[in-house]
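These are the structures, in structure tokens.
Look at the two complexes coming up: subunit A is in both, with subunit B in one and subunit C in the other.
Entry: the complex of A and B
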């Protein structure tokens, strides 16, 4: 049993704050009944024992739910923000907060009509507000619902600082990125093992004089080919994307395309050819194929995208709106889409976050437990989740 | 360090005569420790502070000497009171003296509060001092970020140890980075130090009891030098510093060793102790 933090001044906590302290009685009771926290005193509630994202609803807003560590490794071989990974390692548990944007998206996804073309949802917001973790929440939900997850953890990694660009064998105009493609294929394989044997390729692909993949062989073979022969990794990725798009309408599986930092697909790259001429994104085979994936001309799934200024190239720091980050070309391609704003914590979520840290004894500074300390944290972080996490890390 | 800092109580006259330009402490540009050897020049400068301004400036424009760490405030300027609780007290609760003091401060001149001193509940003067000592070229942003990363690294390491330990050991593991920091520096403070004293043309290293400030300074200085010099080229400061702090917390490691070396040398030179006259 973890040692509870000293005396967190519960009375001062409950006095002015917005947590479950009796205002909505029936939901309160329901939330209390399935909570790990005992109900002797009206404590601030920051956790819920409901670990299935499908059952998350309004009553769980602001609470943290636990993801078992094996699930984490299976569903998220890549894609979690690095600070979150450090937090998981330190606390030995992965807890994600249930927030409004994610709940909204879950509601839409539960009511998707798979006969209609795939709907595009764009999560946007300022830096550090929780777009990537909301995306991870959605991915966890879809993984539990047995969808096929096509997760590109950070599209910016494909448009900057890439070494070893090869001229593509398939199309002389385009360029291959063997390293990035092979890393992505490895992670894709870990995340979607069970589908790779079920889905069959519908065309014959010839890799070189000696190797080829016959029609009807499982997709796993294409992925293996890409991982072992790194030169063909980009083409393998292209084939995987093409096949999945073609077959998602058949109804065997539902496809979720999740791209973080989708504004990298349009705009500029920092890559240059040997003659120092700049490379446009569409000249990279990976980006070209991904753009096709993000178009809504297929059905049988959904597309969830996240904008990100943090890793972006040549974009101003304060830009966070879709028009600013995507540019004209990107916006026109993605139009129409459903924008979902991810904003800073509201007071209830803030309290819940602080409570979660206190329960894990993460806030070690003696003044952090006091009311003054909390007010100061609120002020310093401006209720921004990323800033709050960084502040609490050294307190 | 009697030779290099003259306590103000010995020169009451000078304080008043320094009303206009404060107390210049001339220091050699580009060096800190050996600059204290400019003590004779400083002493001379102070002795001449009664002279006209022009003459004094001529003295202090000696090549290689610039004035640093001087205060432009005269003695009539009072220190600012940085404490939220002091100002939050309602007027009815104040005692006679406090009321009088408040009224007096309304007419007195008050120095500007330094940017680093805040009324934040998380402020720690030891951490601020350490950050300032780590700072290079005035880059406080970098120094502060290194400090916060160090505290975070210490915390994460201790959490790992906590989770790996059994129930009895968990009670002994300290996870608060601030207590670890304070305790580590306290463990590194030497009790006795060596001072070079000139006798008969030779400098002898004489063991001398050190004051509080000097001890704290030496502990921090040794810690920072150790972390800057004795690390792998690619290792980052927070990582090395967190490692050294944890070792010092357990009374092990190179900084503690340096403290012990200092004690041993003082013990060895015990015979020279009578050279000290204060």
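Entry: the complex of A and C
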């Protein structure tokens, strides 16, 4: 019933905010000349001008950093939570908050040893605490570091509400999902343009009687094939995953596998065959291939996963622990992983979030900037970022 | 006209009344008398006689269509009641001398068990004064002249009351003028505390006067009394006015406040219960904390995903400006989602009564923001002897308002400066 949303508003600060404030500049400047301190401190709390995630450290915790909008389109053709996308559109800027879980992950990623098998990191936490946006933060970092991003925005979309299931051309027992696969391929292409020409396939793939991809041709061709021939989209996805896994060890590029809602890979689906018999996830080709991807038998990159109850099927609302959401099978498969808990805002982050809203004139209520008002919001949202965002939408 | 009547004899003497009909037997007697008159008197007299043969045993013309109870009848009823009371006491094996009305009620309920839902339809045995409606005594004498000088206004008791009140006002003013003339007039106005009492309502006044009043009459009377109140008055007038005021019980005295308890670590907390619809909640509010609330072991954000429910929880703290200062651990069962929220809210409010000053308790009860926002930061853990059950009433009022609309609960906070007003 609920859409996948609700992760915290990781707001960013405009770099050079004094220039950006445009119409407010004259009054602000005048105010600044009069008394620097009160106006400075809220800004110091809520924003930072450091827009490179690589340089984010402890001192930036709680502050928002800005992602330029062109970058946004390039790095995140898919994958941002819908509410966040709306907010970006409203504010005309994309600001993400730097938070501890993300910082921790960044630290690990900076120190990855690419010779070792890929380490799995699992972001887990209660609903609305900021897992998806933390993942986006990581992805932005990796994109800046020139990694190849393999981002599945929401694995739940692949196990529910799919029409047009076709029998797989590759393996008779499995089922294809042409629509989802083609959409994903399009977004993948947008995100990783530059790599598609560099990476060469190492096998020959025959699509049908007339078409085939030769060995040594760029990966982009496979992707094109998937996009144009929707029937083969799922197989194209499978090929992409296989190639990338094989070649990431070679060291040309680093691979980041980012899956949101990874608990969809194990468990149940809501899909049924024509004879109304349920389909297990393994029988879906996309899921099958993705599972192979998530195994840590390759090296040269990292795997960052997020658990999510919001879009999940057949899982109770209050479940958020890995054991509950992944089930026994999933947990065993993922077994050696590093869990990272994403929790609600601490007071500093909360304050920062409110400041960000106030700066963008999002909170119109006259009591919103009083202490009492803040306390009310704190109580009502219990510092949960998702709830806070929803509450503030009313004000 | 009196003369021929007298000559007719005693039977006719009471019979010169307006309008009522005559019973046949008496008519004959009268006609006999009239016939006798014909011989003696003129045609006009006969005519007059005819017109005046109205008599009836019914004494109160106004109550023609209603049953009227004569004084004798009422007296007889009272005697019967008393005898019956003694019989009943004997039947129940109790002492007739000390048999009170409660005992009678209990005995009747025991002897005549009734399953009727309407309590007023069940058998009762009460003193006749409570059963038979009060009636006006005869208001005119043997000669037909009414006793009261204001009889012909139609509402003699009411108008005489007004007359009396106005007379008192004039007296007080005269007294004041005299004092002023003598120079002894002092401007001090002792305002009697009218808080614990209220004016009689119209029904009560009607009951006292045994007359029907209109709304304007009632309003006029109250205005007159209030005018009397504004003047400086002496003891007699004071007493006169007090006759028309009824006390209003201070509800806040009725609720017990638990004393503050201390648990193992020495933390002060207070526990209390609340109910709403069929949900029951028990809340433990710690005196010092950071605003964490746990419901049935889980965080309140998870237990109440709907914002409306969390607003309910917030309200008691917000009202007292203690939003982040207390921790709450509560258990709740039964009812639905919103009923549970309401029950917890009540339990929390009651628990807070212990931790809060008495004025604030009264403030909560009345739900006003009039008491200036004096910081109530000292949670004095004293055993408050007075109680704040009236908060129930105001809470109920709030709760009744909330279901008018989805976000309506915080309409109540319009005068309380809440951030959420929809």
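Everything below uses one rule, namely that the second predicted complex is superposed on the first by the 351 of 395 C-alpha atoms of A that agree within 3 Å, B and C clash if a C-alpha of one lies under 4 Å from a C-alpha of the other, contacts with A are read in each partner's own complex, and residues count from 1 in each chain.
Keep in mind that, in the parts below, contacts are C-beta pairs under 8 Å (C-beta built on N, C-alpha and C of every residue); 3 or more make two chains touch, one makes a residue touch a chain.
Worth saying up front: this structure is predicted, and the values here are computed from it rather than measured.
In the superposition on chain A, A:126 makes contact with subunit C only, not with subunit B. Contact with subunit C, but none with subunit B, is seen for A:318 once the two complexes are overlaid on the shared chain. Contacts of A:92 after superposition: subunit B is touched, whereas subunit C is not reached. Once the two complexes are laid over each other on the shared chain, residue contacts for A:365 go to subunit B and to subunit C alike.
With both structures placed on the common chain, the touch criterion links A:387 to subunit C but leaves subunit B unconnected.
Within the superposed three-chain model, A:373 lies in touch with subunit B and with subunit C [touch as defined at top]. Residues 365, 367-368, 372-373, 376, 394-395 of subunit A are contacted both by subunit B in one complex and by subunit C in the other. If you check the complex, the residues on subunit A that touch subunit B are 3, 86, 89-92, 361, 364-368, 370, 372-373, 376, 393-395. In the complex of the two chains, the subunit C residues touching subunit A come out as 291, 298-302, 305, 307, 310-311, 313-314, 317-318, 321, 323-324, 417-420, 422. Listing the residues of subunit A that touch subunit C in their complex gives 126, 317-318, 365, 367-368, 372-373, 375-382, 384, 387, 390-391, 394-395. Those residues of subunit B that touch subunit A in the complex are listed here as 120-122, 148-149, 151-152, 155-156, 159-160, 163, 170, 175-178.
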